[in-house]
Amino acid sequence: MNKEIDGLKKWQQKIHEVIFGYHTFAGKLFDLVLLVGILASVAIVMLESVREIDANFSQEFHFLEWVFTILFTLEYIARLLSSPRPLKYALSFMGIVDLLSLIPTYLGIFIDGAHALLVIRSIRLIRVFRILKLTHFMGGAQQLADALWASRHKVIVFLGSVLCIVVIIGTLMFMIEGRSHGFSSIPKSIYWAIVTITTVGYGDIAPETVVGQTIASALMIVGYAILAVPTGIVTHELIHADKKNNLGSCPRCGQKNLPKESNYCFNCGEKLKEL
Amino acid sequence: MNKEIDGLKKWQQKIHEVIFGYHTFAGKLFDLVLLVGILASVAIVMLESVREIDANFSQEFHFLEWVFTILFTLEYIARLLSSPRPLKYALSFMGIVDLLSLIPTYLGIFIDGAHALLVIRSIRLIRVFRILKLTHFMGGAQQLADALWASRHKVIVFLGSVLCIVVIIGTLMFMIEGRSHGFSSIPKSIYWAIVTITTVGYGDIAPETVVGQTIASALMIVGYAILAVPTGIVTHELIHADKKNNLGSCPRCGQKNLPKESNYCFNCGEKLKEL
Amino acid sequence: MNKEIDGLKKWQQKIHEVIFGYHTFAGKLFDLVLLVGILASVAIVMLESVREIDANFSQEFHFLEWVFTILFTLEYIARLLSSPRPLKYALSFMGIVDLLSLIPTYLGIFIDGAHALLVIRSIRLIRVFRILKLTHFMGGAQQLADALWASRHKVIVFLGSVLCIVVIIGTLMFMIEGRSHGFSSIPKSIYWAIVTITTVGYGDIAPETVVGQTIASALMIVGYAILAVPTGIVTHELIHADKKNNLGSCPRCGQKNLPKESNYCFNCGEKLKEL
Amino acid sequence: MNKEIDGLKKWQQKIHEVIFGYHTFAGKLFDLVLLVGILASVAIVMLESVREIDANFSQEFHFLEWVFTILFTLEYIARLLSSPRPLKYALSFMGIVDLLSLIPTYLGIFIDGAHALLVIRSIRLIRVFRILKLTHFMGGAQQLADALWASRHKVIVFLGSVLCIVVIIGTLMFMIEGRSHGFSSIPKSIYWAIVTITTVGYGDIAPETVVGQTIASALMIVGYAILAVPTGIVTHELIHADKKNNLGSCPRCGQKNLPKESNYCFNCGEKLKEL
């Protein structure tokens, strides 16, 4: 009996190594197969939406969709079983994404309008990040995330100001240009203001009066100058983060900004680590 | 009599704490209610402008507008009364914004074309900043404002150059493309040049001759390179500000911007740290 | 005789002070009047081009244009006479701009098509910079110019790469989309590629085939990533320039990056300047 | 016999100096002639594609194309002969570009549809870089390339996130806007999302429903904020690279990236400067 449990444990550990790990050959192969599977299943979602292609291959797409769903279902069950804390995995962000990407196909049996579930199927793409996560790309992502998180206060103030400008200018343009020039309501005018301040500029709505064009010009130049602010913030944080990653100061001479990998203080030569 | 004044003072202080403060539970609750009120009243201004919605809820919107105006009026009076210096508050930026956001509804009784006052009603949104102001977002806003203020000379030189380029290129394009291609006057050509150099690019006016498209291409690439300048300025100031904010001023001579690794004040030679 | 020359010299000096200087009250007033004059004369050039306005005020504009031209001519003569080296002034950049901005009106007497000289008249705007030049904006401008000059090699390499990408992608799109989709020649395709890579995006020409849209998407993302490069360069140079403006190292302890205004070394307290 | 070989070797060396070198007068002249030749031959490719010009000068263009091709062929042979390792040159990037830029004209004799080879002819432009390569622009290019290479992990994470956002939003918009508003398939919706997030904004496809415009607004603001990230990365790397290039490596242990103010190597404690 004890042996059986031991055997099970060993099996569980082995599966865990293959599915969650990435050091063994089997783990790497599994990741690669999964990556191809995810990309292929998202590609199918896309191709299905192209009318000319779907007309000819509708059956094949349907079949492949089921193949992928069943494979992903098996993978999900394996993850649950091999995980030391199945519930924790199931409730983690990635666990939910894994589950969500299975549901649409099964629901399609009962409900006819599976069309609305297309988006959920495209969410599968997020799963690609798990595979990247395991590699050395993680460092870069972490640094970026840290920089963005450290600058969140400034970014919120910045976005708040942009929203304020956009609402006031939007209301102004609604009054000046009016319904006949495409500014049919304040929300639509605000949409126009966002399209303009972000320098997207579709041109589906464009000011036609002299006053309107003058205000639009001012808004563009403001947007232009404002574009500098988030860039400045992120750059600043990235540089700042870099400095924080230093080791701190030397206990003997007080020299600051010692590189992380220091064994000796570069100013007074004090030994900092046991070698 | 003295007691009465004391009682009044106490009351005034209590109201002041609730309205202007944000440390007590009542103060926080007040801020939250105000925030919801402001957002709701701005939302109503927006929804009123959508023809289909206004057709059905015109009455309700009118009623709600009055409710919010009366509430904001009461708040304004409370602020005036509880403020230790009512006049100073009334003439402050926020005091004027508070007053301005009330007027349009009252004016609407006398004047028919309250349409023109829509913008003023949307100005209410600025009041949201007061609430943010009280929190820890203030630090981020202050840093941004400092960076922008410190770089004002460079930004003005930069905007001046952009305006110069835009006027000269605008005149050139008016001559080359002419009225038949949409460049109907020099101001309109300048509008086009601004739309182009800021990379908005509506496409409502676009060059059609070969020479015009060549000049436009040059303008775009210049705009592209120029985009780098304000970003560089702001980033530089943010990093610079960071360095300046380090040690504070010298206790003897008051010299500011001491480098953080200072042992002595670089102005008067005062010893700052025990060595 | 000698006295006469002395008197003339004094007059010349006085005029020089008023026209070129900006420390005396007269000098400041002159600058202000000149600024208003330049802006007004450029405004007239613009308004003349608006058909509806020109129809009613053509005569007035013509009269004002002559008034400004005569005033600027007198100013030009005064500058020539009061300058210690008239020829040097006449051949300087600003001297040529001053002269150029006069010519079009005089030429208009002899030649009928003064239309083509509009641009030259708008060049007057550059003269505004002289007035700014005299003030403390100069520092900011110098810093910007230095940063741009220091990064010229990188900017040229960058622009060269962009041009290369644009030519190759332009040729590719001409082949793929062809004349029927608006890509009527390689130069026009290159124009489209520039409009796209700079994120202007007029939409007057847009890819319609699947392959074309895929290449366009790639081009946009490349353009997006590439936008980072000039910004990085300029920011880097601005920060670098800042460091160079430091004082150098302490002669006693060798501490680097001493602030420009240091009297004492902030590390060892060594006296750096005679007070 | 030996003398003959020696003479040949000398000749080979001389040709090598002219073609590959840039120190002698002949070498500089050769580079200049080549530069003009390359630019002229690319200009011909462009002009040929303009129907009106090609109609009149078709014969001349054909003739010039052959002249350039023969000249470039001779240059290619000279490079092969004078190169100390002909095969290494032939298989290098520049060698392949040199060969590729010759083939289309020769192929045009046998195959009729040389149209498809236009792009390959425009690739000649890359050869210009060889000439720039030899000059002091190289330093700038190297610094840029290093900065981009050092930030590759972050850039890949960044592009991955952008692609993820673009696919999910594209699918969402396909569902919301649907085929009747131009979002005819998911790939096309993704194309629209890329056009929007990169702030290009052609306007050939634009959301028309309220929900669609709201999502589009959110996407634009995200794109706006995201634009800051690659800029921050590149700027950070440029500044970082600058710092790394300061003192060089330790003479004892070879440790790189020593801070410029080091007195001792922070890795092995070796004394670097006399104190």
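Think of it as A, B, C and D in the order they're written, each chain with its own count starting at 1.
Basically, a contact is a pair of C-beta atoms (placed from the backbone, for glycine too) under 8 Å apart; a residue touches a chain by one contact, two chains touch by 3 or more.
Not measured: the values here are computed from a predicted model.
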Do the two copies chain A and chain B share over half of their interface residue numbers, or under half; same or different? different
What is the chain whose Cα centre is as far as it gets from that of chain C? A
Comparison of A-D and B-D by number of C-beta pairs in contact, larger one: A-D
Between chain A and chain D, the Cα-mean centres are separated in Å by 29
Taking the mean of the C-alpha atoms as each chain's centre, how many Å separate chain A from chain B? 30
Centroid distance [mean C-alpha coordinates] between chain D and chain B, Å: 42
Identify all positions of chain D at which a residue touches two or more other chains, and write them in rising order. 187, 190, 199-203, 227, 231, 233, 235, 239, 261
In their shared complex, chain D is touched by residues of chain A numbered 42, 45-46, 49-51, 115-116, 118-119, 121-123, 125-126, 128-129, 132, 136-137, 139-141, 143-144, 147-148, 155, 159, 162, 187-188, 190-191, 194-195, 198-204, 227, 230-235, 237-239, 242, 257-259, 261-269, 271
Touch list for chain C against partner chain A, complex: 199-203, 231, 235
Spell out the residues on chain C that touch chain D in their complex, using ranges where they run on. 153-154, 156-158, 160, 163-164, 167-168, 170-172, 174-175, 179, 184-187, 190, 196, 199-203, 206, 210, 213-214, 216-217, 220-221, 223-225, 227-229, 231-233, 235-236, 239-240, 256
